[in-house]
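Notes for the one structure printed next.
Chains here go by letter, A, B and C, matching the order in which they are written, and residues are numbered from 1 within each.
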């Protein structure tokens, strides 16, 4: 009995250290980043496109827009492919095939970011440049590469969401004479809607946090992009590119960028959680 | 297996979850070498009472109790009671057989290994005795290393009984052990209980009044948390003293 | 004019056909990426390449110190994060009551597992490298990575632990087991495949990580002699070689080694996952 108490105490200490370590990061990032936002002025920081560290100008709007464009682009591509994959693997393929293909999708998730970026730079960027014009290093390139990178995330959550729909719903629909596809569009997707939305939100969260691949294919220009073929710099690229030589206010401003990212991603995660809880709540009410 | 002489007595025992009473002011004695059946409709506190006997209710959040449950005169809820020892001596079998995801051998040996007994010879010896008492020895003696999950439902439940017997308990408490089992497995378990009562006290909660009539010496009728009547099985079933007992047995409600 | 009605079966064929095309494209992309790297790189992955040190900034020579650096940084990270994370998960699920506090912690762990690695890099740089004076080193890098994978390990371990049926715990306690005995002999044993999968995947993530490593472990090409030496990882080396155009063949070769390592880890994780599923099905 006593040994039990000792072990319990050890576990408590370890757990507390782990949790406080993680809390420390949050506190730290905010402590380093928030003061400069206040000093420069929130409006100036978030709504100005003027990022000129040597002059003390810290406006991250162009990078926020950049991150937005690239994330939305990735989400569009990701959604189209992931949804197709998820539907096909759960509804229209024999079990042995989906069992083989699912781990292969997970493999996509394991490929390092730098490899994606490299392959993108060497194959995709010239392709865009030759066929569509522009420098090739563009919103489009970044969206495509990111879309492929978040595909496994969205797909696996989407598959879980689809498989969570009770079979009775599907059987009921088919018993009324609907084809499999009609069942999918009219019953399955609607029933799994909140899970699918959560999947997309989480995918966007991952896309917005991606750094290396984006640096390699997006061009990193500081202007607000006006079209798909314009080069773009995201919040993450900004931090990675400049951190190495930044100091003083400049470094603080990069931390502030980190704070911004942190808040955005936390909001996305909360949204995803709220959306999936909504589904659970609705189901319980039935 | 040693013969048990333990008596268990509930004295004014009330159990509640988050303020809602499940068992109200219970006075009930469990005698050595008897099979006591507890019958009653759902929500009458039968399972709650059973789980209080080995303090498994301690795990449920919001559990509180007043009154005592005396084991040979000592309240099992006293602060200095060794709960692990209590649970070894008051062995519980659950409604659904729960074989742990290991071999038959490891399932049976687990209880003793928890208590620090690892000697192979002792384990083997007890295993043969326990399986014998559970009427399972012949069916598994050559398959001890195989996963327990290959056994049928009835066999798994007898395995669970044997698993508890490995610890040489004094009291066996069984919570609807035959629900979901086919009649042949049920009969085997009931036969095992007859043999086991020679050396143990047995408390059997059952929803099946016919089983209670077949397989017990005394029967207690619970209704909505209260003990309505307790007496020799034959008497309770043929000449119940309480109207509620009579109504329940007649199928007026339940 | 009559409206054209496409029969439902035809619609289904078109839709499903379209989705199979999407699926094929997806797998084609995966195969393309792997083939692209491996065909350009494998020919250069020789024994000498793996065991020699790089010369002239990586233009020639091998990648031995980098392999070592990767093993040190990623290995140490997981060595620190795994027991800590599993212990935390055990504590959260087995030793505390469900309540406000545990939900908050769980939410926090979820959020942090989504935080981009660059932010961990920022933290690691200022906290470990500067404030704790560890400098750009293997130690800074691995501690940073440990913090990065910790939330994931906590969450996957917790999920694996919660997947163990309550009835198992009741049986163990009913047989006189203490809480720790139940956790150790029953819960952890059953949750082990799931927990290991999480750990293996975290190892993969540590090996792939570039931005955070760059900011905390530096990019030294020399063989690290102590934990306080700076070092370079495979992913970072690949990035620098390709970005600066130093040596394309070596870049491809480095990437090939990296990819093969990741593939091996993924196969391992998959095998462990399958054992998990098989046990749960019983």
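The rule is short, and it goes like this: a residue touches a chain if its C-beta (ideal position, glycine included) is under 8 Å from a C-beta of that chain, and two chains touch if they have at least 3 such contacts.
Computed from a prediction, not measured in an experiment: that's the story for all the values here.
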Most central chain, judged by mean C-alpha position against the global CA mean: C
Furthest chain, CA centroid comparison against subunit C: B
Chains linked by the largest number of contacting C-beta pairs: A-C
Approximate Å spacing (C-alpha centroids) for the pair subunit A, subunit B: 53
Distance from the mean Cα position of subunit C to that of subunit B, given in whole angstrom: 48
Centre distance in Å when subunit A and subunit C are each reduced to the mean of their C-alpha atoms: 16
Where subunit B touches two or more other chains, by residue: 84
Contacts with 2+ other chains: residues of subunit A: 1
Multi-partner residues of subunit C (each touching 2 or more other chains): 178, 181
In the complex, subunit B residues that touch subunit C: 54, 56, 59, 61, 84-85, 87-88, 91-92, 94, 96, 98, 100-101, 110-111, 113-115, 147, 149, 160, 163-164, 167
Complex contacts: residues of subunit A adjacent to subunit C: 1, 3-4, 7-8, 10-12, 14-15, 17-19, 21-26, 28-29, 32, 80-81, 84-85, 87-89, 92, 101, 103-108, 110-119, 121-123, 148, 151, 178-182, 202, 205-206, 208-212, 216, 236, 239-240, 243-244, 254-255, 258, 261-262, 265-266, 268-270, 273
Subunit C residues touching subunit B - in the complex, by the definition given at the top: 97-98, 165, 167-168, 170-178, 181, 185-186, 190, 279, 282
Footprint of subunit A on subunit C - complex, ascending: 8-9, 11-12, 15-16, 18-20, 22-23, 25-27, 29-30, 32-34, 36-37, 83-85, 87-88, 90-92, 95, 105, 107-112, 114-123, 125-127, 147, 150-151, 154, 178-181, 201, 204, 207-211, 214-215, 235-236, 238-239, 242-243, 251, 255, 258-259, 262-263, 265-266, 269-270, 273
